[in-house]
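Chains here go by letter, A, B, C and D, matching the order in which they are written, and residues are numbered from 1 within each.
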């Protein structure tokens, strides 16, 4: 359990590095990118991984001579996980730091808040960790693009596994948080599941909920066989623990955050057989991805999380756009809106609303203490049914 | 609804209610005796949760031992804060005292956020397994929480109702001037009440860490419910707060089952406003003069 | 002369209001001192300074030759100053017995303390009400309860703040008799805004007006004092 | 007495003129060629000031602490976006927002203002949570996904509006606290029983004040809704805004007209500086500043400065009633 000390040491190291990158601004007319990240507050932990990804990307680009011969610089501020601060920082990055484009913040509400300012100023942004595609559904954003697999497809991988492996299990429960991304994912999954011939029930819960016991009783009462939880990490863990405590053993259990390494710490041996979904895996066998993982490990001494990979990919997408259309905002926008750009997450491509449709989630499952990809070619066979809680 | 289901929901609600009761008991104690709405109470819950997390993961100590450790730590920190900060605002207008604990809450939240980041933590050490009684299933962790809450809660109520110190606290809650005139050491009694209440909060934090996840806002979220319960129980009434906590825990288990937890909360708040309007001294309270 | 209480040149200012202007007094053991004056004369302020609710702005207060000027109220109570309040402040939510018990210094054991509380309640005639909630008592009983609470401290000095206010005629004479009986247990200062009512039971009296002492001496001296008459005539004219 | 009134009148007049001049200057910023970063800072300063003054009008003057001003502003924001999306004109929409927040405040006011300050504080604390839960359940309010303003207005519009609201609220507090009713309210804060004795219907005064204060909060939230143009319930109804609403006047000087102005400047400045120097400690430091001000300056920085520079005025004043009671 070195989790804590390791994390905090690295956190401060990253903070130093970001200051350094600002100070080190080279004379040779750098291309400046700005980012507002939630280094404190609710999202601080994951935001630090994003920061690491941005910094690594800038370092790598500069080591190879920059983009079209110009070095890259990333200016990062802390938005304290607050959208209002994000708005001020957007202006600060544009005005004081003269950045060319914005690398996205951590959470969806802050992405949305900054997007409003950027629509006015006509500055491109990639929503790095913005899996929540409702930001683009609720209004037309011309300058902000989704740089992460869309949350609409959160349950997709699990449904595919059921289709292949279901073996007659019919009763599915989808649990969703009363938050836009989770509702959208549920709304996407319900008709698909019905078409598969499943009986589906959906249970909503209040954001911040700790107590899922009543939902569990309802699932037991209605004879639920399979559970797919579409909420955040913390409620997912709470739900899992309460299912274990109640002795409720579904045939298959999926929660969208399950592939995170910390899940194993939280659940111990009980994690066996739990399905998850993954936007990115360190094991993906492409030269670009291998190079990224190796570089990250060399710099930070551990396997990168998907946050860092997505951050790195956002940098790559900008790089591709600039290489294609030049270092001006309108050009970048055009490239992000129409081109296909290869990144460590896959092929960056957006639909007409700016939503990501190039990246996809893979389905994962914990087997023998490791989270493996269990969908697609060359994947491991899923474990079905899930072993009972021990 | 079948009878086994009824019993199961009742048990589930009891676990949630018992934990809430321990937190609310502290809030009510501080409000009754020290006349302070302790907005920082949640941060002390968080303190207990993180302290337990640290001793469990760093020192490999059982989380069960973490509960008394958290209590002692909380009592010490509470005594320090009461002596050094809160007592300074004694006798000042309500707004000032309120803001002192509120500022403490912000400071605590800030410290936890920067020291531990927003991470959700948890540990798998400690009791695990299931206990079955007839048709009712309860996890050993939840059972632990229930038992500890019972012991701690009854213990605290006995101290307050049956001992001379408890008598001093109850007297102080009724009239400050009279208590002083009776030779009751008012600052010391307030210190004791504050330390005891914060100790309870930290112990509750240790219990939260056992059945939930640990993060900087864990206590903050819980204490809002505790405030609801304290109002429903008649502000400052310890017994009222405990009863209201258990009642709310159970009622929420059933309303969450029948509707969902959002509606359960909405109904709770509606009940709260109705109580303020119709029975400002609590659901069970009589009018108790100043 | 065995002095129980000595107050030397006590002043109290609340911001711009000079509520007590240089009052000195001395009280001997076993003495019953009356403290009279119209409303706003500074009696209660003086009282509160002696009891320790707040310190004097300047001056000195000694209890049995010990300087208690800066000591908090609870410590003075333990040192032997028992008091009642002008407006009764019982612990309403507690039982009558618990009210008294709260003031008994924690001693040999809970059982003994309870027995002692019942003894005191018996002395003030409240024993039948021992297990009732204090909030349910009548005003006359509440006054007795406050006295009982003060007696529980085994005080050297009893401060009775307008104990007669609001009582019926028969309750008044009962209580006055009772107070006279208390002289055996402690020295007493009795505050009343009505001179005539209780002057008779006093050994000595002081009359205050506008924060200062305007007369002091035996009850007879007070009765004859022209200043006192004027102050009271003024009061009744107003 | 006459002289007193005269001096008061002069103070009010000069104060009002100063406020109007500042308001005009700040409102003109979009056309003076300052960077949009500075404009944004000024906007947020005005936003926090307007909220702070709304809070000040109720809590600063009566001593009844409200935690609902963030939620009231949120109600205003929702109302204005819904109204504008229904093609109502801007002025009407803003008015609807103010009225909506005022009505919401009545729920709290009627249930808890008869009671002691603590009940009121609790009632306001829970409003936040209740409104958030309800908004997430109401389809016309967009549910958990929130709502978006269909038309994006040019930035100068919310800028000018917000500064006007902030200036107007400051002016209102300045004039009101020196009015007859205002003085009575201040007397009530110090001793409610005494104030009732001189014939103030304390409950009614408090309800009316709270309603007015809520309307200003609603208006402030509405203007910010136009500025932000995209509302998420979890963000709009978060406790953070309520904290700002009370921190700004408390740091500067609650119950005074100019204290919150200083408070807003300090708050925005502190936030910007800490952003660079100690981003991790921002929340902690705001808490510490708040704590120190309450413990050692009692009524905020502005009055403390005032005492420092005008010691003479202080002497011979009638004491605060709280002191007499102590």
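By our rule, a contact is a pair of C-beta atoms (placed from the backbone, for glycine too) under 8 Å apart; a residue touches a chain by one contact, two chains touch by 3 or more.
From a predicted model like this one, the values you see are computed outputs, not experimental measurements.
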Of A-B and A-D, the pair joined by more C-beta contact pairs is A-B
Ranking chains by how close their C-alpha centroid sits to the total C-alpha centroid puts first chain B
Chain A and chain D have mean C-alpha positions lying a whole-number Å distance apart equal to 38
Chain centres from averaged Cα atoms put chain C and chain D apart, in whole Å, by 48
Between chain B and chain D, the Cα-mean centres are separated in Å by 32
Going by residue number, chain A touches two or more other chains at 40-41, 178, 206
Where chain B touches two or more other chains at once, the residues are 113-114, 262, 265
Contacts from chain C onto chain B in the complex sit at residues 51-53, 72-75, 77-78, 82-83, 85, 89-94, 98-99, 101-103, 105-106, 110, 113, 135, 149-150, 152-153
Chain D contacts chain B in the complex at 59, 63-65, 107, 110-112, 114-115, 117-119, 121-123, 125-126, 129-130, 133-134, 136-137, 189, 243, 246, 250, 254, 280-288, 290-291, 294-295, 298, 322, 326
The chain A residues in contact with chain B across the complex are 1, 3-4, 7-8, 11, 38, 40-46, 48, 81, 178, 203-206, 208-211, 213-215, 217-218, 221, 233-234, 237-238, 241-242, 244-247, 262, 265-268, 270
Residue positions on chain B within touch of chain C in the complex are 164, 167-168, 170-171, 173-175, 177-187, 288-289
Chain B residues touching chain A in their complex are 5, 8-9, 12, 16, 54, 57-58, 113-124, 130, 132, 137-139, 141-142, 211-213, 215, 217, 221, 252-254, 256-257, 260-262, 265
